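Naming follows writing order (A, B, C, D and E), and every chain is counted from residue 1.
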């Protein structure tokens, strides 16, 4: 189920700037980790209080603070005070119903988007809001859930003796975005399989549950599209922006993410088209099945109703019914009892009803 | 029912500039309240005659005049004269079929939009036109109905020792807009629930009343969309405008409202998609039900019509029917009376008709 | 029926500039009236020959010539010569299949649009092409029909001691446009009522005539849309134009008409959506009715066909049928004749078929 | 049938610049005619070899060369060499699957569009590619078919003592375009009639052939749209172009053609909407008819199946059936045989099934 | 089946710049060929190691390297190092799920698009990614499959004593693009035939397999569209680009390819419209067939059920049934047995049920 459509009114009516977490709290406790690296050194640590990030603030090394779990409003509030973030941005971080967007502020950039994760057993997509604050040599990410999304990225940071550690916070931002966007490709692969198997089911044995599946995919697709389609604009905004926080030479990487987003968006449109095709097939095949049922009924009724009538005639009790006494009457009737159905069957075969 | 589509012709043909209230009069009497505040002081009062706002006109404090009920044309006329408002604007305030829009005049701004309120018991949306006149240190709002929409905002004005009282009439305008726009989130939440429960009903027990509900939601959605979708343009116009009545630093707040409007608009589009999916399911499930009915009929008819024919044969009164005298004829027939249905039932089970 | 789609080929192939009336001649004779006014004076007269407008041509007073009926090509030709109008414009005035548009020429403006009138008894819309030539202090309107469309405007000109007589030919043009556009609001009101009553009919007692009505409204809506939707562009063109014939201060009035056009266009789109919903309901309710019919048939057949078979068994004439001689056989059968239907009825009630 | 969609691959894979006729050769032999005119003189002649146009090339008179039939590649090749036309343009002239377009070259303009002709007996549209080369004082047109399309234009050239002969090759180009575009109005008129008669047929007596007709119109409309809709862009390109080959003062004429194209395009869109409405009616009326059939079946079955059962009861051969001996049993039964159907009929009448 | 939608997630999560082949490896081994030509000379050779292209790098002759088969990552890596290509570009070459695009880098251009090949026996389209690197006097193409796509182009290069060898790498690029785009025309021709034959089948004898075919074409069309529609943007980007690698005078050729792409895109849209029409016909014809079946059933049932009832009456065993003894009863009944069906048949004929 998509939580992106529920309880969005929770905070409506509050004064702007009041920090309250809006949405389902996906984690009870928050976890904060700090990675600080330069070309030569890298250091990762888990911190308890947000105040511990202060020493990293004005160094030349790149610092990445990852906050997982948004229930503890105090943390976001502290980050805001330390990094001098506008209250409206802090509010957006906490209100997990944001539309993906890119905002350019004086000293920092704010990016918010959705992480989509697939529960593998059934086709259930879980949504998570991820906010990114980009400052000079400083990146803060806010996730709703504690999970391994950023694990491979951290590994690359640690192992890499190459590019990623040479480049600044803009490249780190790109790497984070790329990780979140590429997650969606897994989703598309699953969708692809699911649609294909549903189509096969439709053509062989459509049941009313197939319809439920189709509608389920359709609904999920609407939500996915809602979280994915603004990404195109988001990345175009980044590329168009003339902020000094993203260097010219990193643009080519963001353009690569932009291409990925285009591919994802177009695939989603293709799936929509495919799905509407499936529904048409479903409706047609239901009609077809009813047709088949009707044909069976009609064939039986057309053959036996007239015969029953004939039998009914000679079941009448009139005194003067000369045929009743004729010796060959009964065998003759049997002949017609056999030939009439045969004629009908040939006729219906010709009409392709049998 | 949407009053936004009825009686729009009432004033057609009148000369421009003739002040007449167009639309259903939602309140018999008007109520005017004035709030005047600066950083240090705040004062609220109810006034009887519109002339009483004169003393507030050229002060440095921010004044907010809220007029509820539009039946008394005299009030709007007086406001127009006192604040030097163009007759066409006054007309628009009185004609409650306006399309939401933002107009920039020499000395003031004119904003008109729709307030949407949900009657909680049933899904009935009531519409109200709200006009906002923004002058230097002076804001006038015109509402059709007397209600508590602005109560929380007034509370914040009174209690706040912070931002809202420090900032000018542009921030007040933002706060008013925000209040009206955020009202719509409640609507979306209700819609969400209603659509979900309707979908469940559809999949378990669709009746023709479900169809009426779907069509009802669809109709309401058309009206909601009509009042909401121009808001996007309205806020873009405000952000694009170079009026001096809205300061650069307040822009970030209006952009926040703009984001809310985008989210509302996209949610409405999602609901439209979901609804059209519901209709498809409805049609399919009606077909499915008919299919089931047909199968029952066909199974009964296919089994018993041939058997009846067989019974009919031996009900004939021919003199020469040797079987009739054969002792085991009757039991033999009974065997076929039992085996034929069994064969049919197996056959239909195989075809998944039973 | 819409004449805007018929016989449009009548003039195809003629040389450009050949003045021929194209379309159905709605009036046999033409009528020309002249109103000449300034702030102090106003004078209205009916003229026979178009030459009589010459004295008004170069005065400072505003002159409005209204030509009703286009059959007399000579009149249009004379107007063209007197006012020095391009032949293509004259052709457009006469060819009543024009798409609404605004053209800026060196010394004059040309506006052509459609007047829509509703025949009140049935929902039949009649279309009329109205052309407006705007020169300095001189406005000529060409209507296909003699009717009272401009009567209220003329009254306002005569009575008014205010704005309208103070302002020039641009304000008069606005007033004419406003009159024609506001006519369409009446149409929308009627449409609104018609759609609402059709929907009610659909939900209570849909007949195949309801379908005809829906299709009729749909068709009319297509034609209305075709004549209304270019108005948006037309008014945007006027507002964008830098002609000196329309003064800056009149722009606010044209923008008001523009707003009206937007509202009309959006309402038409809403009606289209509503209508497509009606069609869906119709199709669903036809299916529902068939379902109900099928259930009745199935209930009857399922109950009585097996019973008839049982009766048929004991109507057989075998010599050895021990039950026939058993005394309680007949009453026992009656018990089953009563219990079997009861069981079936309970079963069908459970399935909600009854 | 539309040849515009067949065999488009014929030339794929050939080197660019290889002159080969692609498409069905509509004429076995080519015909070339030359019209040379100035304000005072006009001369028309049929020529055999394309070399004969050389003398006309650098004169001050306007020369119009009309080539009908494209099978003889040599002709196009010669024209190319004489007038110095780019090979790609010559290829486009010969490949009759071009999308209508306007190309501006250094010394000439190239316009290619489709001529649509209606075979009057049935609704079959034949397509023909018409290419126009516009040089200074020199216009060459290439048609696939020999027909009378340009006859009226030639007549006007010969008879006219007025405008057309005074103006240059740009006005001639306009006149040619106008002729080709106005041809389409005839098509629209026929379409209009056909759709109207089909709708009437649908509402009175829909057969499966009506469906074939609807699909036929739909298909034709898709092809027509494909050849017509790029015309809008084509004419906008001409109007936007700053070529010296089209004089400023001729623009008003091209704008007139542009208006015609707009009207044609919008009409085609309206027809599409109308057609989709027709299909909906068809499907509904098929459902309605089935409903009617089902009602007849249900009425008959519901009335007679129970009665047959009753008759069956008293056809049983039990020894102890006291009613059989009761004297009034038979008449009593007859009463019920009559009253039961009467009751049913009243019931079904109430349900509006009869 | 379209491989363009499967396994797109394979590389998600990898660091950017890691060269891994993504997609199904269509060829086990790679094949590299080099063509080097100038106006006078041409030389073609197959090379084993990519290092052999080094001598051609800085010559004045045009060199075209064609790499077929992408499994050997080493080759692409070497090309990258020799020609100084950005890692992201190399990644895109290897990841065969690229969206067609044009990228302008400092010293080279990168074009990636899809080659579509039709398996002639059935309507199965195979997709192949083709990448083009354009440097000064140097073009490298990367194909997934070894086939004859470029054979005709190579022939033209060898034979031609004309244009193609005179012009530079930009013209070669054009020729390659043209070859790939024109391949799609063959596809369209096949589609055209397939749709036409399906439509014929639909109107004569629609089976549920026809539906499968329609859905199959629809699905294929979605994939084709996905690979073709970005080509429009790609070519527009090339034409808009101000790179010095493509000379002004070659633009006309690229515009020609652009026109082809437009035609292909519009044809695909037409096919979509046609297909949705086919589905409507299918659904209608299924309904029609059911209607026919129902009529047969109704006719039989309506005729024989009442007659059977009549026969049933006189099969009753009441003692007092005076008709039974009346001599003419039986013949009289026969008269009604014959006339009743005749009356019914006439009635049904009138209703056009027979």
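Before moving on, here are some points about what is shown:
To be clear about the criterion, contacts are C-beta pairs under 8 Å (C-beta built on N, C-alpha and C of every residue); 3 or more make two chains touch, one makes a residue touch a chain.
Quantities reported herein were computed from a predicted structural model and do not represent experimental measurements.
Chains that touch both chain B and chain C: there are none. Here the chain-to-chain distance from chain A to chain C, counted in touching steps, is 2.
When the CA atoms of chain C are superposed on those of chain D, the rotation angle is 70 degrees to the nearest 5. Mean C-alpha positions place chain C and chain E at a centre distance of 42 Å. Taking each chain's centre as the average of its CA atoms, chain A and chain B sit 26 Å apart.
Chain C has residues 283, 287, 290, 294, 297, 301, 305, 308, 312, 315-317, 321 in contact with two or more other chains. Those residues of chain E that touch chain A in the shared complex are 5-9, 11-13, 15-17, 86, 88, 97-99, 101, 205, 208, 211-212, 215, 218-219, 222-223, 226, 279, 282-283, 286-287, 289-290, 293-294, 296-297, 300-301, 304-305, 307-308, 311-312, 314-317, 321, 323-325, 327, 329-330, 333, 337. By the touch criterion stated above, chain E contacts chain D in their complex at residues 152, 156, 160, 163-164, 175, 178-179, 182-183, 185-186, 188-189, 192, 199, 203, 252-253, 256, 259, 262-263, 266-267, 270, 273-274, 277, 280-281, 283-285, 287-288, 290-291, 294-295, 297-298, 301-302, 305-306, 308-309, 312-313, 315-321, 353.
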